[in-house]
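In what follows, chain A forms one complex with chain B and a second complex with chain C.
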Partner chain A sequence: MILKIKSKTEPYLYSAPALIVIALVMVLPIIYTVYISFTNMNVYHWKDFKFIGFKNYQKALFMLDSGFLMAFLRTVLWTAVNIILQLIISFLIAVLLNVKGLKLSKLYKTFLMFPWAMPGYVSILLWKMGMFNTEYGFLNHLLQKLGISKINWLSGNFTAFVSCIILNLWLALPFMIMIIDGALQSVDKCYYESAKLEGANFWNQTRYITIPLIKPIIAPMVMMTLFTTFKQFDIVYLLTQQNGSKTGADIHTVLTYAYENAFITNNYGYSSAVSIIIFLILLVYSIFNQKDIRGEA
Partner chain B sequence: MKKIIASIFLASVIAGAFSGCGSTVSSSSGAENSVYDSQSSSGASHEPIKLVVWHETTPEIGELLQKEFDKLKPDIEVEVVKKEKMTESLKLAGDSGEPDMYFFAHDKIGTFAQMEIIAPVTDFISKDDLADMLPMTVEAATYQNQVYQAPIFFETTMFLYNKALMKQIPKTTEELYNYAKENTKDGVYGFLEQHSTAYYVAAWMHSFGGYIINENAEPGLNLSGTMEAVEYHKKFVEYMPIDGDYQTLSTLFLEGKAHSIIAGPWLIPNAKEKGIDIGIASMPTIDETGKPLMSYSGVQGISVMKSAESKKEAVAAALKQILKPETGIDFAKAMGSAPANSKCYNDSDVSGNEIIMNLKQNAENAKPMPNVPEMDVMWTVTENMLTSVNKNNDDIKTECEKAQKEAFEKIEAMK
Partner chain C sequence: MKNKNNVKSTIGLVFLNIFFIFLCVVTLVPVLYAFSVSINAKNDFLSSNFSFWPKEFTLKHYKSIFLESNFLSWVKNSIFLAVATVLGGIAFSVPAAYAFSRRRFKGRSGILYILLMLNAFPTVLSMAAVYRLLRTMGLINTFTGLIFLYIGNMIVFGIWNMKGYFDTIPTNIEEAAKIDGADDFKIVLKIILPLAKPSIVVTATLILIYVWNEYLYVISFITGTSKYSLAAGLYSLQVNEYTRSWPAFSAASLLISLPILVVFFIIQKHMVSGLTAGSIK
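Right after this comes the complex of A and B.
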């Protein structure tokens, strides 16, 4: 009997330190944000804030206007395009890295990790000045050498969106490549040998052996990337929305939209309510995703 | 305590929402600096009273402040501490008794006063102690008829030009426009300005009688003066790089690819380093109104935390020290900054400094940046409007009206 209780409680005891840390750094802040979202904590009521019921949520839902809807749809598009491109490109690069007889493949891998090692903030500003800048950017230099007039990359909605996607790919590909590369190496080579004996070409090998076998490894990674891409803030904000250097493109995502419409108001109650709504959207999103992944695996 | 914990969690959640963008809000509640916890002023008379001053700027300014405060020894010991993310930390510091004072620009005092974090300096010193200050600097420090800052020095934008390129300095904006038109070619620009940044365009609005927001926190983006200014200013944009951000413009000027620029004094040392023979001129006058461009000014100084009320005498002594002409002169000599105390200008080192004297001249027309909390949302609203007008060629009246409406909505959302 004692043994039984022990065997039941022991796992919890062992994981208690980790659970406590998670509760402190993740669960408590969420609960506290929920609490704040029901109060009027703001510049005018910093020390004497009180419970005001659902008023902040009413205001937050008012923010969910056509602008927010557009931002939401744009975010979905942004996430989808990014994920698809990331998967295709990193799969191709990973396959190339695993070609038999490729020399210096370790060196290439190290180079490919480089964007990941750099702080994102720095990378983004470097791209902004070094690549897209109208006066000094590499792209416009290139155009001028070719005799084409300068383009203001970050100003038009379409070019700005594409620029952001390219930059996001640059930042996110290393992670994908690394995981897919690892997954590819875990596939038993004997499958390919027998496939070759049967006369399967590269396409058929990829379709019937590689993809089904690496899918379970890639699935969780895709989900993680989905989230990070969905809540990507830095790229869009720093490239196009930064105060003092707004470019005129309106490519707000959910988060930059919320930032511009709620977080700059210094109204903590209201901002918390907006955060909770975004949190709920992400929660719904993740439930759907988890179902998908379970279905696939 | 409850509030501190609460605030830390809130901060971490907001920080979490922007994970990766590097805006982690400092969650320091002053606990780590508890060594500085002061004894109460009622302590034994031979024990020095300790004060803590936070700042967020360069080590040089920290040292200068420390040097001034050290003159109060042995009765009062002041510790100047550099604090990262100071404005966030101040909100959380609240009642913890740390710091007692801080050094910062004047434009946050409205927010802090409204949050009841800071106390008026006139709770500690009399209004007469501020009599020698330039009127603009006291105006900057005033929020709802109370003075919240002991000013030390101020900054404002100025008209800078490259002597090697610009021989005749335009006196009026029409002259400037024609100059830009003639001299902008082959990647070289006649005149540069951060044309879609609210901070800079405000100067044009003021000269036309418009404004972004007034001292009663009323937005003025659809005033006729504001709209006229935006319309008149737009024609200059045609001869400037469309990017118009600080990095691009300063690089152009520093590489000798621009004849003139409206910028802050902080550009001057860089230009000299790059070997540019830099000239400083008065702001051009707008032909139509006969008024020079009236830039925003920022006043740097010391504000007092509400929690420091128990150390009244020590704080008063520290503030009086800061207001002495010698403080302003020391800062001017070390950094070339323009003193807030008018008596400083009797010093030959100060009056002999071209940059400082130009700043002083501009200060007569300059408008202090609004210090009302509502200004926080106005930056974004105004810049969205300017970007639409200047970069996307949207209709000025429509955009100004839209921005004004948006300003009211955002101000409402603050409450």
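Right after this comes the complex of A and C.
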């Protein structure tokens, strides 16, 4: 009897410490944010804030000049461009790494993993100051050597957006290459042999054998990457928005937009509403792609 | 015919090797450039006749980083925060992952589902709420508060990642051990942990990298740069004085990255299996 009760309570006991910490650090802030999102908390109403219903949500979703919708569209574009480029480039590189007879492929792989191994935000700052800097950045040195005039990378909207994408690719490609490389190696070689016998060319092999076979393996990782790309904050923030060193480019994604409203202009109620909208969008997305995200569990 | 094919594929391989060497160099340029600037004795990176290869070498920028009064305490703080978070994170998530993997109990799949959905909330945006929480608990401006936040943020990943791996370990060894009278604690310690080494190593490393990278919590909740971690310290260097000491900044960046690079490449062979066991079979 005692044994039975014990084995019933055990799993709760084992997971309780972790779940309590998660409840405090992750769940409580979400509930609090929901609560604040219905109030007018801001610099002027720091303590004496009151309920204002759905006004913050209305402002974000229906006032076109609030900036949220623009930021949202930009974030969708940002995510789409990044994921598509990542998939194409890493697929090509992974296929080339697996070419028969490429003896140094292990060595190349190690070097190509380097950006992943660097602490992410150190890389971002190095890129900001080493590569994109107008005065002494590497890219502008290169342009000058080629006889082209300097570009102010981070201050124009378009160049800043492109710069952020280049940097994100640099940071994210290694992981994707590794995943696709692993998936390619798990494909049974005999499929290709029989395809060759039937005269299928490389394109057809890729389309009818490789892609269908690696799709289920890389799908969860692609979903995860989509998620993290949508939520990417550090790149855009550190490159263009950083407090005290704004570059002038306005390429807010939803996250930097919400962050600025909360901590720079201290519009907490509104920023909380934006946070909850982002949360709901991602929530709906993950519910739809649940199977892919959780794998087999 | 065969010879012709061989020649063709040899030429192809030569081009492929050239392509990969080029790709590797392009990939490494940001790091190589920072390194070149950090050991360059002349500040010619500002001028147009700058060259990638320094004409004179120096270690003075590295020296200046160590003499920078706070750098060593940043190192100490980062190591302390990282070690405490990794140990705490693993200690909290292993028992939970074990329970979710091996036991069937009421609410199990519901909790797992909620844990997954929590990822949808961007943690950057919970800063204000987290501030209130820390203040209520009296943990503002303390390392305990930071470690508490780090653990909370990382164990969701830890539980899911390790649960996925535990699921792939056959249960018959455990059943045999149970018949011999081993309790859960012994089973986890003697059977699960050794067998799940890749996933534990990878989880621990990713927690370590997270802490090493984290600067927003530190600059928001910690006052006084001497209590900063390396990431926050580098951030403050960059905000305040980078224009006059970009070589020193490069030196600091590379020094900060070095331990992570070493750890990463040591565990690289575990990376694929440790991260994807739950989803790839």
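Points worth noting:
What we mean here is this: the second predicted complex is superposed on the first by the 208 of 297 C-alpha atoms of A that agree within 3 Å, B and C clash if a C-alpha of one lies under 4 Å from a C-alpha of the other, contacts with A are read in each partner's own complex, and residues count from 1 in each chain.
As a working rule, contacts are C-beta pairs under 8 Å (C-beta built on N, C-alpha and C of every residue); 3 or more make two chains touch, one makes a residue touch a chain.
Since the model is a prediction, treat every value here as computed from it, not as a measurement.
In the superposed pair of complexes, A:190 makes contact with neither chain B nor chain C. By the touch criterion defined above, A:247 lies against chain B but remains apart from chain C after alignment on the C-alpha atoms of chain A.
In the superposed model, A:93 lies in contact with chain C only, and not with chain B.
In the overlay built on the shared chain, the residue A:220 is in contact with chain C alone; chain B does not reach it.
Look at A:270: by the touch rule set out above, it reaches chain B but stays clear of chain C.
Looking at the shared chain after the overlay, A:110 reaches chain C, while chain B stays out of its contact range. Of the two partners chain B and chain C, more residues of chain A are touched by C.
In the superposition on chain A, A:44 makes contact with chain B only, not with chain C.
In the superposition on chain A, A:283 makes contact with chain C only, not with chain B.
Of the two partner chains placed around the shared chain by superposition, chain B is the only one that A:152 touches, whereas chain C remains out of contact. Across the two superposed structures, the residue set of chain A contacted by chain B and also by chain C is 25, 28-30, 32-33, 36, 119-121, 129, 135-136, 231, 233, 243-245, 255, 259, 262-263, 268, 271-272, 275, 278. Residues 3, 6, 9-10, 12-14, 16-22, 91, 94, 111, 114-117, 187, 194, 196-197, 199, 241-248, 251-252, 373, 376-377, 379-380, 383-384, 387-388, 390-392, 410, 413-415 of chain B touch chain A in their complex. Looking at the complex, you find that chain A touches chain B at residues 25, 28-30, 32-33, 36, 41-44, 46-47, 59, 63, 119-121, 129, 133-136, 152, 155, 231, 233-234, 237-238, 243-248, 255, 259-268, 270-272, 275, 278. Of all residues in chain C, those touching chain A in their complex are 9, 12-13, 16-17, 19-21, 23-24, 27-31, 33-34, 37, 45-46, 48, 50, 92-93, 95-96, 98-100, 103, 105, 108, 111-112, 115-130, 132-133, 148-149, 151-153, 155-156, 159-160, 163-164, 167, 184, 209, 212-213, 215, 231, 234-235, 238-239, 242, 246, 249-250, 253, 256-257, 260-261, 264-265, 268, 271-272, 276, 278-281.
Considering their complex, residues 7-8, 10-12, 14-15, 17-19, 21-22, 24-30, 32-33, 36, 93, 96-97, 99, 101-102, 104-105, 108, 110-123, 125-127, 129-131, 135-136, 138, 141, 144, 170, 178-179, 182, 186, 217, 220-221, 227, 231, 233, 242-245, 255, 258-259, 262-263, 268, 271-272, 275, 278-279, 282-283, 285-287, 290, 293-297 of chain A touch chain C.
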